[in-house]
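Presented sequentially are two complexes of subunit A, the first with subunit B as partner and the second with subunit C.
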Partner chain A sequence: MQALLDVFDIYLLEAVINGILLGGVLALLALGLNLIFGVIDVTWICYAELVMIGMYAMYFMVQYYGVSYFVAAPLTILLVALLGAALHYLVIAPLLTAPPINQLLATGGVLFVLQSFATVAFGIDFRNLGIRLPVLAFGDMNFSYARLLSFVAALVGMVAVYLFMTRTFTGTAIRAISQDRQIMALMGVDAKRIYLITSALGGALAGLAACLLVLQYDVHPFVGLSFGPITFLICVLGGLGNFIGGFIAAFLFAEIISLGGLFSDLEWGYVLAFAFFIVMMFIRPAGLLARRR
Partner chain B sequence: MLELRTVNAGYGTFPALFDLDLDVKAGEAVGVIGPNGAGKTTLMRVISGLIRPARGSIKMEGVDVVATPAHKIVSLGIAHVPENRRLFPQLTVDDNLKMGAFLKEARDHYAERLEVVFGLFPRLKERRHQMAGTMSGGEQQMCAIGRALMSNPKLLLLDEPSAGLAPVVVQQVFELVKRIRASGLTVLIVEQNVQQVLKVVDRAYLIEAGTIRASGTSAEMLASDTVKEAYLGV
Partner chain C sequence: MMGRGRLAAWGLGLAALAALPFVYRDPYHLHILVLILIWSFAYTSWSMMGRFGLVSLGHGGFMGIGAYVTALLWNHLGLSPWIGIPISMAAAGALALIVGYPCFRFRITGHYFVLVTLALSGIVLQVITATRDYTGGSLGYTPNRTSGNKLLALQFDDKTTWYLIALAVWLFGIVVWHWVDRSMARYALEAISEDEDAAAAAGVDVTAEKLKITLLSALMTALAGAIYCQYQMFITPDTVSGIAVSLQMVFAAIVGGLFVSLGPTVGAIITILLAETLRIGFGTQAVGWDNLVYGVLLVLFIIFLPKGILGSLLDRLKPQRKVPRAHEQEAVQVVRPGA
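For the complex of A and B:
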């Protein structure tokens, strides 16, 4: 009996820790999306597809051209940052004053364009980096090294964004512009430039997420669907545009998925997470920490 | 210093200013008075570039303001404290002041400017880590003026600094305006509170329906029958 209880506890602890590790990357994705929504007031439906493009960039650089992972990663982050800026410049900026539904449709269109582009250009094969990272054994618990690395890198990324947003003039302007866009010119701030920087930053976060996810998942044109919807749920649950809410919701979701997977299959973890989301939407329709306006 | 000639401006097809001429000389404090909807706020916004004139010229120390992009007008030395203060309510006092010093030139002197502003408003230093939106109306007005001063302007535009404040606080705000004047800044101030503002400024313009109806020194304006009847209630 005692032995049974011990084993159970170990598995439980393992699942809890794996949930935390998963939460790190989800929180990173949610931060990028929340940043765009909170500052520019548009939703990038195609956010996860930017991640997909980043994963392909990693795959081709590492697997095809033999670039080292740690050289490829910053290049990928830069590439997706440029992609984010281009998305803003070409798609969002002309629609900035358009009704929100048009902006949604436009970024939704970009989603299909990116998926189709990847299908045509790269085919529908599942590809992976071919990097097999070891599994860490800690006592009787096993943790994937890739997950641990992802978690740490995601945290470092989020801390970097936090410092940028609070310590620099540009970061402060990004926070200010979401509160009063009209008077930014009186501060000598070019709102267009701040939006472009914000979009590049959102893209960079998607790029970082791509570098981390490619360690754990195969890349294919529809890989965005595996974590796009859950990122949106996290942002909505946390309160759209609320960074702290998104952070908390990411770990909440990750724990539900991980613990649900412990008691049954991993798929059931997702089902539980979605059910939890629906219930929470009835209790707190505006999200855990509704945006203060 | 500031020179407006036959300025016409409005919102869409709705005109708010007609052929308006106005001058502010260096070192002066000039008031703009007039009824609600006369175009006082539009006048301020057209100077700082928040709206662009349909016709006419605006020059700041000889530089064409109309041709300057809105976000570059601050660097000409014009700082605008907008109507209703328009602080960033969910940023701290520090961060609000930081936004005032966003310009490259101001950024380089950020620490000095902060000293100047805190010297002028010791209250802001006490409240520096507080969210701007949680302060009292008077403190918020100090913060809004402080934010404008962070850019080290030559000309300060004040739009209704006493609006929505308790009578005691209104007194304090006009005291502040006097102190800012004394520090050598040129001030253009829009006010509903005619009696108070005429005590602070050298000259004033009376604006009605988008044009200048009368102008003169404070003493002349106080003595003027038009002003007396319409705004002083005597």
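For the complex of A and C:
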């Protein structure tokens, strides 16, 4: 083991592994967005803001009401799932037949609403959970338990979604409707119900991400802006609606951010990721896994 | 072509606007008017792209570059804004080309285009925050007060001067809008927004036409950012760049009306008056409330009045005006092919 570790620069290896751990959460975020896009053909610009609301929910439940973290987490997931369903019911459903751009801008309006709601209701202070998880030392490298836990939970969440999509009737219907919208209505599937379920599922994934992110980051009304753009980049790079592409892209971006952050600030990691994205657009404009025309 | 009556109306209106600060001198109201004019110019710049279906959420980035590059050059290198503004505009234009070229060349449209530009404005915000040693990060940035020539530093103390500058810049924006409206480029871009393949088959250079309008729009937005910075003498990443500013532009343009030249101006008047009223109404607790109302209105507008206030009003006044062009219909009406 030691021999293997000697081969690499220890910090480099640590950054690489941290990148993989970060990738798990990013992949979870991208999965939620891709699910919504793939099934309903709508992009939720306010996706990261749903996560922000979830983080606040966690913060208040754990800090103010003294609920245990593991009780608060399912409640938060449920809450954000309900939010997702409400978002679909109130905003997207009336616009289902409108041009896609209008749907997108309407969710942009929701972004404003959620951000300013958080500002009005919770103020602009940075808040954190106050849970300090121990640090895991492995060789000379340090990893925080929070990241490890997030990674594992994100993977479990993704596997659960995969099983739901492949093993249940509803999941099958969701996949079917994303393939052909018109036919499924004739097959006796209620498209409205499926859309609502998908939105709730997307919301639940945002809620799960919120539970994990709140362990690592402070929450404030604009926290969505710090990982929202990167999530969109991941989805576009992976190909909107393409789950596997999004998964791979999430880890690619996470590595770039993590390694970029090794040499400089974290923000520069984001900038590097964006530069990488622009280059990739020249090479693979329709997404990582798209066939070349 | 404008009728003689309309031209006369424009002339009279402009004369009245130009004469206003010499008759009416309330500094607060003048301040609001200057803000409205500057933001109107920015919204008009955005709508030049937006009206052709090129919905960009990256304009917050261009505006941020305009404001910050000008201020940084002035503070660190002592470069006068007269030189700094063109440099900042060139920087924004270069970024627009770098991001725009692959987008247009590889047919990245619709959702994809919005998300890419959205990320662009997010990244500009990150860069401004990351280079906090120079830009002051999220605490904001103030251009140094000049002790020498005020004209050279483009810093004026009295509101009347700023009002006239803002009026000129705004008028410039409207003129450019009409210039584009009457050019061949408009027909090309309308054709592109309706059907890219058909337009390309008819001999329209899709990539070049889109790049031209994007470049023009980005340059003007950067100018708006620089003027805003010179007027306010204080900028923060959140007020001149980022997703919120981009969405604000889209919102105002849609509220006012995307397809008429004065639409974005009407949007600016409505949104800024709304924000000011809320600010005064709620006092110091207003933080966030104005955006909350913004957001709700944006959603309602998109659902119920996608043509905007001025656009719908003009339609109401002249029902037999003409058949709306297909891409306008698309923004209004229902069925989307394959939906």
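Here is the rule we use: the second predicted complex is superposed on the first by the 281 of 293 C-alpha atoms of A that agree within 3 Å, B and C clash if a C-alpha of one lies under 4 Å from a C-alpha of the other, contacts with A are read in each partner's own complex, and residues count from 1 in each chain.
The rule is simple: a residue touches a chain if its C-beta (ideal position, glycine included) is under 8 Å from a C-beta of that chain, and two chains touch if they have at least 3 such contacts.
All of these numbers come straight from a predicted model, not from anything done at the bench.
In the superposition on chain A, A:236 makes contact with subunit C only, not with subunit B. In the superposed pair of complexes, A:116 makes contact with subunit C only, with no contact to subunit B. Legend: residue contacts after superposition of the two complexes on their common chain; A:189 is shown touching subunit B, with no touch to subunit C.
In the superposition on chain A, contact of A:176 is made with subunit B only, not with subunit C. In the overlay built on the shared chain, the residue A:37 is in contact with subunit C alone; subunit B does not reach it. Of the two partner chains placed by the overlay, only subunit C lies in contact with A:108; subunit B stays clear of it.
Comparing subunit B with subunit C, more residues of subunit A are touched by C. In the overlay built on the shared chain, the residue A:262 is in contact with neither subunit B nor subunit C.
Residues 169, 172-173, 175-176, 179-180, 182-191, 292 of subunit A are the ones touching subunit B in the complex. Of all the residues in subunit C, the ones that touch subunit A in their complex are 53, 55, 57, 98-99, 102-103, 105-108, 110-112, 114-116, 118-123, 125-127, 129-130, 238, 242-244, 247, 250-251, 254, 287-292, 294-299, 302-303, 306, 330-331, 334-336, 339.
Interface residues of subunit A facing subunit C in the complex, by the touch rule stated above, are 37, 43, 45, 91, 94-102, 104-106, 108-120, 124, 181, 221-222, 225-226, 228-230, 232-233, 235-236, 240, 265, 267-268, 270-271, 274, 277-278, 281-282, 285-286.
Listing the residues of subunit B that touch subunit A in their complex gives 48-50, 69-75, 79-80, 82, 86, 88-91, 95, 98-103, 106-107, 147-148, 151.
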